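Right, I'll just put the structure down here and ask away after.
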């Protein structure tokens, strides 16, 4: 694992013990959710596409621990971890994956279009690189309304090759918008390795082109992610402008559930699973400091399973949307007010 | 009534709305230092400071950020410089802005306005002369507006800024310096409502934007031939006020659609399709369409002139639906 | 005749053309290492080496570079991954590719093909389910093609690669695994020509792509009610074979247009507008349109199903133009 | 004037004396053309928009001296200098500006859409940033056909903020395409100064984000431009891949003819005119080396004026296109072959 380029102040140390365990809890919850989602998809309970966050939990967890509820994030097609870490309700989330009426998007979105605006989660996105400028716009709102809210934009290594990256970063930089760009470099864009698709050695190397700071951290070390995010989000909140935080990680599962994965070896994946599991690593770290033990971990796992069980039960028992609901929600007014609007 | 320019009418709308609501802000390329190519932003920086801003040449950021801003409590007005460049931010418009409210189950309103100067002017050629509403007609989730005069420009721009949905506001470049009567004080022109610009009994001409004038001219010339033309000025192109069109056609039994953009696949196709479907038994002739020929807008004056729809095209179409020879 | 899948039919077309002409090359996202999402590129890397390449997630480069390559002596075939992402490279398509030949006075040919997998499949939702030909109908300078079967896929793809003009090649995602008869050996299916998929006398149904099958099913069901449906499969959407449509309508006196995309502002508008304009006095009923409802494609199965056009929509429209109740 | 960051080998020294004077000739021709075009526009002989290249002549001249006829360039809205330096015929060029049938584009393009494919000039562009990927595609052709042709993409400082820049640079880099990206940093994008719109200190700073070299040279010193371009174009030709060459210059005239220019002071422009004229500077340099004298310069000027006179006479006496010509040239086949194609 390459190590971080810059030492950030050790702000993790300032966290109360319960919050340290809280980071583990969030990671365990995400893992449990994703593992279940995979199974549910294979059992045809969840339709559409599902892109799993397994192996990348430390990033959403370490970053989101620094955000307030009124801060915003934009997410990707691989968004479940972001939704959970931002504090969204698991029940309504699972219901959305099931396509149920009680889901966050009333079944209109599904996994690739999940959002919970009530906690500042501005949406997963089916268009890779579609989130950058939404985050920039949220940053504009904060600046125009003179609040100290920040926006965090999550994006993949593959997404860093979209032109929207360039336009967003340049604008965020010249206006000093309160936006942190968090790259989840999981070494693949679908079937394509970063060594092929990325012309710079690191995504963070692109920061210089925008006159801002770019850092690379071990994205499977939640402490490192937390420390970097704390400093960079505080900077953004204080008006010091945007930065790139590149988190090196690894996508343990296929690009989507069902991916034949012909572009990499089983061994490569297994080595990562064995040596670089963010939950195992953080647990070992906490255990080493006597801040957690096996009992803590099993309790968290059991708690997470219960939460997911409830979420699944809620989703299963929720009604499907009525077909005619399909005509709602396009505009702020209702189709009956103005039938021409939805013909 | 006082007369002011179209450009000044939009400026009044901006000022009134920006005074009224501190969350309205505006940005675009080259709007601060020189007041916009058509003077349509003059004086705003002096009064509103950093609520009016220049941006880099980054159309995906301009339009994409408008969505983010609208979702988070402000009301952005983004200027497109030339409507032709909507193409650059097309994904932001059609896959993000148009779909956001729907695919997230109605969680947020999207109060944003994209101002888009369009149309043929001064041999600006293929990439600076387009009417691009035809690019957006097949996209659910957008409101398309096209004023035809200073008065409608002011009232519609104010309504668009207050609307909680994304509005693309087409302003014909030729209209900016034109003067027309504009009521004093505050008023709103409702979205989604067409206006009968000229009542008539023989033929319904459906049109919008700059072409309203051309149709009025044609109507006058036709009057001399004893033909009474009713002109429907759409004002909002989508959602379209089909009822007003149909009412008129049911009265006149004939319909011609006129727009500046290319006929093939243009707005007129949708109007013709609706009129024939919903007033078939009232029609005494097919619905005819008048617009640009099926090529990009060429540079050289005789070519540009040939490609664009002109007065005699309109007159000829009207005569044809009346089964009269030109 | 042997039967092969649609996907394999396109593969044969690619191989034959790449063997025939060393300047044909192909690139797109995720096509080399796994053969494409729908297997439509399997085996090409083994035979053609670096004439088949993966690209970064950079749609403006994919489409923009196709223009540069086409202008300089090669024949690029660029894969769009999902037709929905044409939006990202819309400027490259409509302001560069479509206009280049014209605005430079015909200096260069532009032999390029954009392959665009489109349509509704497996609850892929708003941003991965679209039929986007409606985005491009108002753009002069593009050829739009949509095969409906393995045989037409092969013949049209070969013709498209040989065409000296830009072709957008829509391939419905549901068609890829479907099998159908495909002649052995080389053949070309001409661009710009529709085919009568099923002869009939009572109603003309104009359709294309996956919907051809749906219309055939509907036609069978209607046959049981004594109704004889003629199906026109457009194959090329633009330029459209209007003559074949009109010939059919002049015979049947009734016309229904069926496509998967949104009705409002869709291809059916243009077809209806043309048919009523050019066969008005032959029509015994208005031209009706069948397609998706006026919203993005939602995720949940009952919603998706409700929004998409279905068999009974087609049947109902046919009965309506025959003035019969469903 | 900031000086170049890297010393390039002094390849200018290897040029025969006549070619050294040739560079002066090209600059003088461009200046003469542009000065005349300005006047003709003001006299309403030229319709549409005209963006002048005055003050920036050293860039097109120094770069193009390294290109073969079968190499390609893509240009911008400010393209006259590129067209001339690439070797296009002045007569047909002027005729195009006039909208005449004898113009390169038969009057369909005009100033903003001028092209001469016969000399590898792939077109001006009315869309800022529209040329990057066309150049990338030309580079692909060279690679697929295994020729040693190169493509040069000219672009402005403002254009460097378009997303197409990012996508083109990344792709050109990973494929090592033979493309040189020549930035004409004339300190303004229309009304907006680089200090406002550009987040990096230099356009060339963006190179690192694509793992390639980026250099900044004095774009008003034709020798410096020539030397840098020689090395970088040779590199591209040899398969070493793309680079960014940023040429610092100044737009002496308004953004377009008729620009009220409220965004800068008269003094700023006059100082540049006085101290930084690329023609004066190069002439002084040649004169200092006794490689040219006042007589050379007046002869070149007279020669250029004659050429332009002839071009104007040709343009004036050429016929306008026939209106119906407007329906030609959209497709490779003629409308009469297939009337449906152009309705």
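Order as written gives the chain letters A, B, C and D; numbering starts at 1 within each chain.
Keep in mind that, in the parts below, contacts are C-beta pairs under 8 Å (C-beta built on N, C-alpha and C of every residue); 3 or more make two chains touch, one makes a residue touch a chain.
Predicted model only: the values in this text are computed from it and were never measured.
S.K.: When A-C is set beside C-D, which has more C-beta pairs in contact?
M.R.: C-D
S.K.: Among the chains, which has its CA centre at the largest distance from chain C's?
M.R.: D
S.K.: Any idea how many Å lie between the Cα centroids of chain A and chain C?
M.R.: Centre separation, chain A to chain C: 36 Å.
S.K.: As a quick test, compute the distance in whole Å between the mean CA positions of chain A and chain D.
M.R.: The computed centroid separation for chain A versus chain D comes out at 45 Å.
S.K.: Centroid of chain A to centroid of chain B, CA atoms only: how many Å?
M.R.: A distance of 40 Å separates the two centres.
S.K.: Two or more other chains in contact with one residue: find those residues in chain B.
M.R.: Only 55-56, 58-60, 84-85, 87-88, 91, 95, 102-103, 125-127, 140-141, 264, 294-296, 298-299 qualify.
S.K.: Two or more other chains touching the same residue: where does that happen in chain D?
M.R.: 105, 107-109, 113, 125-127, 161-164, 166-167, 170, 174, 196-198, 330, 342-343
S.K.: Applying the document's contact rule, which stretches of chain D touch chain A when the two form their complex?
M.R.: By the definition above, chain D touches chain A via 161-167, 169-170, 173-174, 196-201, 205-206, 208-212.
S.K.: How about chain C: which of its residues touch chain D in the complex?
M.R.: Interface residues on the chain C side: 23, 25, 51, 53, 55-56, 58-61, 63-74, 76, 91-92, 95-96, 100-110, 140-141, 143, 163-165, 192, 239-243.
S.K.: Quick one: which bits of chain A touch chain B in the complex? Just the residue numbers, please.
M.R.: 72, 74, 103-109, 113, 115-118, 122-123, 125-127, 130, 132-142, 144-145, 149, 151, 163-164, 166-168, 170-171, 174-175, 328-333, 338, 340-343
S.K.: Which bits of chain C are touching chain A when the two form their complex?
M.R.: That would be residues 29-30, 32-34, 54-60, 84-85, 87-88, 122-128, 263-264, 293-296, 298-303, 305-307 of chain C.
S.K.: In the complex of these two chains, what residues of chain A are touching chain C?
M.R.: 47-49, 99-100, 105, 107-110, 112-113, 125-129, 158-159, 161-163, 189-192, 196-198, 260, 262-263, 320-327, 330, 342-343
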